[in-house]
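Just so it is clear, A, B, C and D label the chains in written order, and each chain counts residues from 1 on its own.
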Amino acid sequence: MNQIQVGCRIGYQVNSPTTFLFNISVTQNEHQQTVSESLEVEPFHQFEECAVSPLGNRLVRLSVPPGPLTVNYRATVNMNAQQADATEVGETPYEQLPADVLTYLNPSRYAESDKLLRFAMDQFGTLLPGYSRVTAICNWTFNELAYLPGSTGPTTTACDVLEQKSGVCRDFAHVAISLCRAMGIPARYVAGYAVNLNPPDFHGFFEAYLDGRWFLFDATRLAPVGGFVRIGTGRDAADVAFSTIRGDAEGTQLEVWANEQESNDQLLDPGNVSTAVSSA
Amino acid sequence: MNQIQVGCRIGYQVNSPTTFLFNISVTQNEHQQTVSESLEVEPFHQFEECAVSPLGNRLVRLSVPPGPLTVNYRATVNMNAQQADATEVGETPYEQLPADVLTYLNPSRYAESDKLLRFAMDQFGTLLPGYSRVTAICNWTFNELAYLPGSTGPTTTACDVLEQKSGVCRDFAHVAISLCRAMGIPARYVAGYAVNLNPPDFHGFFEAYLDGRWFLFDATRLAPVGGFVRIGTGRDAADVAFSTIRGDAEGTQLEVWANEQESNDQLLDPGNVSTAVSSA
Amino acid sequence: MNQIQVGCRIGYQVNSPTTFLFNISVTQNEHQQTVSESLEVEPFHQFEECAVSPLGNRLVRLSVPPGPLTVNYRATVNMNAQQADATEVGETPYEQLPADVLTYLNPSRYAESDKLLRFAMDQFGTLLPGYSRVTAICNWTFNELAYLPGSTGPTTTACDVLEQKSGVCRDFAHVAISLCRAMGIPARYVAGYAVNLNPPDFHGFFEAYLDGRWFLFDATRLAPVGGFVRIGTGRDAADVAFSTIRGDAEGTQLEVWANEQESNDQLLDPGNVSTAVSSA
Amino acid sequence: MNQIQVGCRIGYQVNSPTTFLFNISVTQNEHQQTVSESLEVEPFHQFEECAVSPLGNRLVRLSVPPGPLTVNYRATVNMNAQQADATEVGETPYEQLPADVLTYLNPSRYAESDKLLRFAMDQFGTLLPGYSRVTAICNWTFNELAYLPGSTGPTTTACDVLEQKSGVCRDFAHVAISLCRAMGIPARYVAGYAVNLNPPDFHGFFEAYLDGRWFLFDATRLAPVGGFVRIGTGRDAADVAFSTIRGDAEGTQLEVWANEQESNDQLLDPGNVSTAVSSA
C-alpha cells in the first residue's frame, strides 16, 4: 500500500457569468481509497458534485459571476493496486468480452482505430497475444513518437500524431489506445495525478482489458504507473477534460502535485514490463 | 399506440471461423414493448445475448465455422411513444443537465462537435433555445445536404459530410448531432427500424436532450419518427453497428422490414415539427 | 499611376549553418515597374538571385554560418494596374482557357477544390457567370469567416477553415481560390506588400482568370487592391513563402511596410466591386 | 533504344454537351521520340491540341454533343532513356537546386510533405544522401503498403495512405514523393504507359531530382521503368488526369496497351536498383 497526497490549484479570471465543470476529484474504488479530501472555492460559491455512472468519474459543477476564481483541491489517497506477473496475463478472447467492455473496441473522437486496422495488423499482427503485445504497442509508441510539448492541440487525433510523429501524454495514450482497439484489445483513457511527473501536471495514460480486468499502461514512461491516482476514465481525452468552461474565462494559474507520503511498496520504474498493475 | 412488425434476414458466406456481433434486436423500455420476438440462426449455432448497460442495447454474439450463415430476426412491438407540444419543449440549462447526459455533449468519432463550435454558433447562435432550435438544425441539415447513397463510407465523419455536402441517413444524423452538441444540446445516435422507409433498410436518426428527456429527430425526413423502432443508442454510429465481424465473412443477403400492423394513432408526417416525440 | 515604397527588415538568430530562400523582392512586369531597389544582408554574405519561370517570382538564396542575420529589402515601385468596368468582365469559357491557365483549376495543397465541388455549386451555381460571381465568392468568404490571427497555422487548408470558420489572409485566399476552382474559374494565390494594411505585414490575396486575364481580389477587405505590390504568384501559399529555412534559425525581428509615395489615382476602397483591377 | 507501341481506347456515353480534356498523348523530348501517332474521335468532332509549358504535357480538348463518344489513340515511340550507374548519382545540394526545381519541394494536394518532415527524418534521416536514399524510400513504400485496387479514391492523399497502409500506383507515388520532398529531394509525379503492366492500365510513378537531372522511380515494382512512356509530368496526380470532364458523361470503355516492338536494350527488372534511368 502506498499513501499519496495529490492536489491542484486552478485560477481563472471570469469575464461573464460562467459555468465550470471540474473533473479533478479522485475516483473512489477498492484500489484507491480516500483518506481525506477537500475542495475550496475562492470566493465561495455553491457547487454541486455529480458522478458519471457507471465509471464513477466525479464532476464538480459551479456557476459563478465575473471576477477572479480559484479552486483548491487536495486529497490523501491510499493506493492498493493489484499486481500480477505480466507473463501470466493473457488476452480475453473476443467471444468472452463482457458487453460493456465491447464499447472500448469502438473508435472514438481522438482514437480512430477504425482507420488503423491494417496499420496495427502489419505492426503487431504476428506477436503473441497477451500483456506483452500491449507492451509492444507501448514500446513502439514510445520509440516512434517524440514527446514534444506544444506540438499538438485539443483537437489532435491519433492519426494526426502518427503523421507528425510527436505529441504529449494524451497523444501517446490515444495512439496506443487506437492500436490496441485495432488489434481487438479493448482500451480506454485514464486521466490522473502522477507521482514523480516532471514538470508536475495532470497526466493522461490508458488501460487495456486483459484476462478479465483493466491493466494500466503508460507509453510515455514519464512516471511509474504505481504512482498514478485516477481522476477519471473514458473513451479518450474528450471524456475527462479536467475543466470545461461554458462562458468566458481565462486561466490564470495551474498548479498540480502528487507526492508519495509513505510507502510500503516501492514504486516500479516507468517502463517496467514484468509486473502488471490494475486499479480499476 | 401503434403495433409494428419489424425484422431482418441477413446472410453471409463465412470463409474462416468467425465471431459475429449482431445489434438487430429491438430495445425494450416503457415506450416500446415487445409482444413477440424470434431469432433464428441457420444452420443452428449456439448464440449468446448480452446487453450493454445502461443503454440497454442488446447484442447477439455468435461464433461459427466456415459455411453459409443466415440470421432471421422478427419482432412485434407495441409503440407507445410520449408526445408533447413542441412549442412547450425548452432546453435544459447546462447547470441542470444530469451527469450522465453531459457525456453526450462530448465529441465522438463521427461527430466532431469540438471542431464546429464557431460554425454552429454562426448558424444557430441567434435562435431562441428549445425544440425549435433543434428543428432549425434539422432543417438546415436537410436543406444543405444531398441524400446520395454511396457518397460516404464507414469512416466518414460529420466534418467530411459538411465539406462534400452529401451523405446518407447516418451522415445526416452525425451532422445534426455535432451541431446540437456544439450548441450545448446533448445529442446521441439511434439505430432502428423505420416504417415507410423506402427502400427498406436499417435507419439511423438521433435524439436531443430537451426539457429533461430525449426527443427523437430525423434530419432526412425519410420516414415518420412515430414509426421508428429503436434497436440501439450510442454516441454515434460507431456504437450501434448492426453487424460486427471478427473473422472472414462476406455479406450475401440483407432484407429489412418494418410494417405497421394496427394503429390507433396515425403516424405524423416526416418533417412534422409541431409534435415532439420521445421514446427513451 | 501610383508610386509605392515597400520593404521589410527580417532578423534571425542562426544556430547552425543554414540556407535561406527569401521571396520578398517585388515582381517586375509591365504593371509594376521598379524605380529603385536594394537588398542588404548584415553581416554581409554572398547571395544569389534566381527566378522561377514562367511566373517571374524572384528568389534570393543565401547560405550563412551561425550568428545573427538581418535582411533589409526596400523598393520603390510604379504601379500601373489595368482597370476595367467590373460589369463588363465575363468568365472565359472552359473551351477557351489557355493550357497554362488550366493548371489553376487543379486542386492544390491548401486549396482542395476537388472536395468542394458540390459545396461551391450549391452556393454559387445559380449566379450569373462573370466578375460578379467571383465577387459573390469573396463576399461569402468575408461574411462566413472571422478574421482571427492565431487561429490557423502553416498546414491549415481551405477545408479546415470552412470547418472552423476563422483564419487569416492566407486562409481567406485559400477558401476563395478553392471555391473559384470548384466553379470552373481558374484562381491562384498572390503574395505581396499592401498599402494601408494594419498592422503592417506581408499580405496574401488572389487572382481569378476572367475575360482573358488575371484580376485581383481580396476576400479580407483589409486593404485596397490598387495598393497591392506583387511579390510572387503560385497555386497557393505553399509556393510563395516569404522565407524558407534549411538549417536551424529563429526569427528575431519582422518589420514590413508599404507606403504610397505619390499618387495620380486614388486607391479604391477595399471591398470596392465596381472596378476590376489587373496587374499580371 | 527500345521501340514501344502504346495506345488507348476510351469510350463514353455523353448525356449533355460536354467538354473533355484528354491527357493521353505521349510527351516528346530527346529521350522519347514519336515515330508515328494517331488520334481518332468517333463520331468525328473537331478537337484542339494544346500544351502546358514548360512541362510539355499535351492536352486534347474536345467539346461534344450528347451521344456515344470513342477516342482512339496510338503512338509508336523510340525510347532512348539515359542510364547511369546508381552508385554514382548523388543528391544536388539545396544551395545548387535550380529555381524551377525548387517548386518540386513544395507540398501539393496529394503529397503533403509539409506534414511529414519528422516522419521522413525519423525513417531516412541517417541514410547517406544520393540515389540509394530514394531507393530506400521506394523500398520502404513498397514494403509498408499493400497494393490494393479499390482501396483509395480520387481525393486520397499520401497521409491518408500512410494511415490505411494500402493504395494503388498513384498512392505509392504520392507517398514516395512526399517522403522525398520532406527529405529535401525534389520529386514530381509522372503519368505514362508502361510495358508489362498487368492488368494493362495507365500507370503513375515518379521522378526525383538528383545530380542535376530527373531520375525515374516506381515504388510499386509492377513494371520496368525502362518501359515507361511518359504522358505527362506534374506536382502530383492532380496535374495529369488522363481525362477531365466538364459536363455529364459516363465512361463505358477503357483499354490501354503498351508493347515493346523491338529492343536493342533489354528492359531492366522492376525493382532494379543498380541502374538509374532518366528520360526527362
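We adopt the following convention: contacts are C-beta pairs under 8 Å (C-beta built on N, C-alpha and C of every residue); 3 or more make two chains touch, one makes a residue touch a chain.
Which chain is which protein? Per UniProt: A, B, C, D = Transglutaminase-like superfamily protein.
A quick note: this is a predicted structure, and the numbers were derived from the prediction, not measured.
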{"item": "Given chain B and chain C, the chains that contact each of them", "value": "none"}
{"item": "Length of the line joining the C-alpha centres of chain B and chain D, rounded to whole Å", "value": "45"}
{"item": "Chain centre separation in whole Å, for chain D relative to chain A (CA means)", "value": "47"}
{"item": "Centre distance in Å when chain A and chain B are each reduced to the mean of their C-alpha atoms", "value": "30"}
{"item": "Shared interface positions of chain B, touching two or more other chains", "value": "115"}
{"item": "Every chain pair meeting the contact rule", "value": "A-B, A-D, B-C, C-D"}
{"item": "Footprint of chain B on chain A - complex, ascending", "value": "19, 21, 50-54, 59, 61, 63, 94-95, 98-100, 102-103, 106-109, 112, 114-115, 154-155, 184, 235, 238-239, 246"}
{"item": "Contact set on chain C toward chain B in their complex", "value": "115-116, 118-119, 122, 144, 146, 159, 162-166"}
